[in-house]
Amino acid sequence: MPVTETKAFEPKIVAFCCNWCSYAGADLAGSNRSEYPSNIKIVRVPCSCRVNPMFILKAFQRGADGVIICGCHPGDCHYSTGNYFTRRRMALLFSMLNYLGVEKGRTRVEWVSASEGGRFSETMNDFASTIEKLGPNHRLEDLRCKQK
Amino acid sequence: MQKEALIPVVGVVQKITQETPDVKTFRVVGPDGKNLFDHMPGQCAMLSVPGVSEAMISITSSPAQTDYMEFSIKKAGKLTGWLHEMEEGQEITIRGPYGNDFPVETELKGQDLLFIAGGIGVAPIHSVIDYCIDHREDYGRLQVVYGARTPKDLVFYDEMTGPWKNVPNMEVDLTIDREAEGWDGHVGFVPTYAAELKPSTSMKVLVCGPPIMIKFTLQGLKELGFKDTQIFTTMEMRMKCGVGKCGRCNIGNKYVCKDGPVFRFDELGELPPEY
Amino acid sequence: MLSITEAKLYEAFAQLKKNGEAVYLPVDNTSGEADFAEWKEGTAISKQLKTVRSAKDFFFPQTENLMKFKVHGKKINVIDTREELSDFVIFGARACDVASFKLLDRAFIEEKPVDTYYENRREHGIVVSIACSKPAASCFCTVYDIDPTHPNADVDGYRVDDTFYLEAKTAKGEKLLKQIEPMMSESDDQCVKDQIATTEKILKNLPFANLDMSRFNGDNMMDIFNDPKWNSISETCLGCGACTFVCPTCQCYDIKELDTGDGIERFRCWDSCMYKDFTQMAAANPRPSQKERFRQRFMHKLVYYPKNYNVYGCVGCGRCVDKCPTHLHIVNVIKTLGEEGK
Amino acid sequence: MQTEMIKRAKELLADGTVKRVAGWRSGDFQYELSPSIFTDAEDLEKNFQYSELAASNMSKYMIKESRKEGKVLIFLKPCDTYSFQQLLNEHRILRENVMIIGVACDGNLDIVAAKKRFGEGLLSLKSEGDTITATTIYGEELTAPRQELLLERCVNCKSKKHVVFDELIGEEGVEVETTHRFDKVDELDAMSEDQRFGFWQNELSRCIRCNACRDICPACSCENCVFDNPESGFSNKGAAVQMDNDMFHIIRAFHVAGRCTDCGECSRVCPEHIPLHLLNRKFIKDYDGLYGEFQAGSGEQETHPLTKFNMEDLNPTEALNRGDEE
């Protein structure tokens, strides 16, 4: 008998975390045993401003349903000003994605410091539930990367 | 050639031999252990590793060798770099054979042959020399002039100084670019050496090597009285399809992958110098 | 001649669709130009002369998956991903499009080895042409002896107002018309003859009708190649691929790979000899500047092609004339090198 | 005006001030003016043309031309000078090797619109006052109001002032105070996400990836474009899926954000008439609103909105949601 499986939507999320704050924050979240969804894939970057807009698009192309960038709080950047540039760049990029019809919640920038393990897991949980509500990404997808 | 020109077959790299610090020879057979296809000396095949790249590589082994094919490859780019890192038993994909061949059965038959090669340019020449040795009675005198930067860079050194020395009426002259310790052979660039040897102008010449070597060799040969119609070479261009359709490897109205890679110099002279 | 009204034509398309044969036809898009699109209920055929993209897409699409590889450790599995094709109909190709198929056939089928991807599509495609009744200023197909009033496809069609007159030219065409026979009726074709006569008059007066091709005779390759005029004429070429990608006869392609996460797909996509990476090798580029690349494109169509096959690699559709951002199109080249260069 | 330009160019060639002249050459149709480099007086006299059909912005050619031997003369329309100035700001042009003559412009005609209006048989276009008269190969003579056949960038002209020049021919104008440049962007912004998605899918799905928009763009002056680099993972030359086109256009517009002078060449040359300028203008509208008004190329500028910051800038999410509460 054929079994029709109704699989709950499990969003794929890519989180770009800066090496100095957010990645350490994620570490802390881990050692504090704070939970965050396992389907969040963390990509460590030297600074949040290392994240080229193409990385974000590529993540969507390869099947991500949401992309979040985490960096040091403004003023705390290891390279002193990197995250300020991230802020402007991503403000413009996200606005452009939305202009093309991509849902607002799919992309986000958050500031998480090395000591904010709790904030890291809260942020991730919150982002994951936003993406779950939005459902699968169909507006920036490459079907070739979704066949399994 | 295979029916599906663009779909490759799987080949297994059975044996990898380190020839020089940056040249390895790869022996390729089919998954069943048998040779994948027959070829003629001078022809090429498209080797690829999915996810890495695809490249046209000339077949080094003799057509008389029907058990396998060999490719001597210098580490230069993406694909070749990957090939140099891999282990025996690795599968790759292969399609071919492509291109024309040195006219060993027509123009070159019964002739005295002069082979001039530099560096990895010896790869396609090796196939012809092997072919001539395998059909020794069909050819006259065989003279090989081969050079590389250092003694360590001489590909097939052992073969050239071993078995080839014993072939009747065959001469191998080796040279290196600069003096090196332990080298008591000739020192000097290939074009100069070839000219110094004063080869008989009745020979047919097969040249392969870096463009600059070909250029000066040609000059030297012409000074000795050789004609363009006596000299053959193989060309190299960026290729994608290998079957004369993707449109990038043409020199004038000729496609290197299909009408070449072997050209006689008088043929090249009639074509635009876009190579 | 058999005729069918526009309303009945859509019934016929619906019938063909039911029989499993998709129909593609020129449809006006929101920018006011036409492009080929699949017929669905409610789709109306465009009245425009030319589509932006040529009809070559159907046989040689801009991107096309060739195969898939699955890699497990040292093992490689090659998978032919092609699916069985069903017949499809291209309705409304022009004579230049039809002529371009013959040029592409030469490259992909007649020149061995056969490109089976192209051949497969070609076998399943049925071409219904519509003769031109109002050629555009940029048209010059007659220069290449193409008769836009007799396209010579599987079915030749004429559109007079809202009625289409159809005539099968091949077995494939007859088979197609058989399927839609009930929608058609036999009718007098005097209006078609009148239309052809009017069109012929326009053709004679086209601005490019008398292009002088005599210098491009396939014999003087090096003479044309070395013409100093290439320097000035190519100077402001942008090196974009607009001419190539709207051209019905350009056949160059690139082979690329995409790692999908579930194997590697190898696909081909149109490439342009106008792009600098077209011939770029690790150490050198045999066509280092835009001059060489520009020259290659036109030498290929006007010199190498006639030299090899005795026919030009251009069908005079005029698409590049319409679309070149800097107006350095093939007519400009023919005039500069051909007429003034003699 | 054309006569005056030819006269001045010939003088400058004759006295050796310049070796080459960048201008517009008459083409195979009366309305086709090609950008071109002239080197002799006779050629100028015969083939140089300047009219409302001289749409090409030739600034970008100066990257190459200013590096050749001898000085080059270029004629620039007001909006072209913005692109030129922007390239100067990016140190792409050797200013000392270029002589600029600013020429007055009363708007360029849109050949595409003209062909749509008068048909594919269009032979010539001539404007007299507010009316354009066209002739066709079918022997027709047709007219239309000039305003309707202007390029979009000219209808919404941002400036009639030359921001950089050595000499001027014709009357100098001023920056246009109020334009309706952002009307269409506003209209799109007011739509729902679904509507916008539909709008852009329809537009971008027509893209044939010919790169004309990139190659004509004076701001796209990279030696090696990321889309030509096989290592970048973005170099596919055609769209296998819609995403490929979306990605190309987002990145293309993003790479010129802050440097785009809104010259409108991308939309002008697009063979499929995709309104690409609407992507660039969205960035302009956004940074104008978020970080203060900025016009690239309007003068000597060390930075642009994406290469500087304020401590008080909004976070991206706040920036995206601003105005939602209103």
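Letters A, B, C and D mark the chains in the order given here, with residues in each chain numbered from 1 onward.
In this section, a residue touches a chain if its C-beta (ideal position, glycine included) is under 8 Å from a C-beta of that chain, and two chains touch if they have at least 3 such contacts.
Because the structure is a prediction, the values reported are computed rather than measured.
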If a chain touches subunit B and subunit C alike, it appears here: none
Averaged-CA centre spacing for the pair subunit D and subunit A, given as whole angstrom: 36
Approximate Å spacing (C-alpha centroids) for the pair subunit B, subunit D: 51
Rounded Å distance between subunit C and subunit D, as computed from the means of their C-alpha atoms: 30
Shared interface positions of subunit C, touching two or more other chains: 254, 258, 271
Residues of subunit A touching at least two other chains: 144
Numbers and ranges of subunit D residues touching at least 2 other chains: 240
Interchain contacts, given as pairs of chains that touch: A-C, A-D, B-C, C-D
Interface residues, subunit A side, partner subunit C - complex: 62-63, 144-145, 147-148
Touch list for subunit C against partner subunit D, complex: 29-33, 35, 48-50, 52-53, 62-63, 65, 134-138, 202, 205-208, 232, 235-236, 238-242, 244-246, 254, 256, 258, 267, 269-272, 275-277, 321-323, 325-329, 331-332, 335
Contact set on subunit D toward subunit C in their complex: 27-29, 32-37, 56, 58, 61, 115-116, 119-123, 136-138, 202-203, 206, 208-212, 214-216, 228-230, 235-240, 268-269, 271-274
Residues of subunit C touching subunit B in the complex: 66-67, 69, 71, 74-78, 80, 107-108, 111, 113-117, 221-222, 225, 251-255, 257, 259, 264, 266, 268, 271, 273, 278-282, 286-287, 292, 296, 299-300, 303-304, 307-308
Complex contact set, residues of subunit B against subunit C: 1, 3-10, 50-51, 54, 76-77, 87, 89-93, 236-238, 240-241, 243-253, 270, 272, 274-275
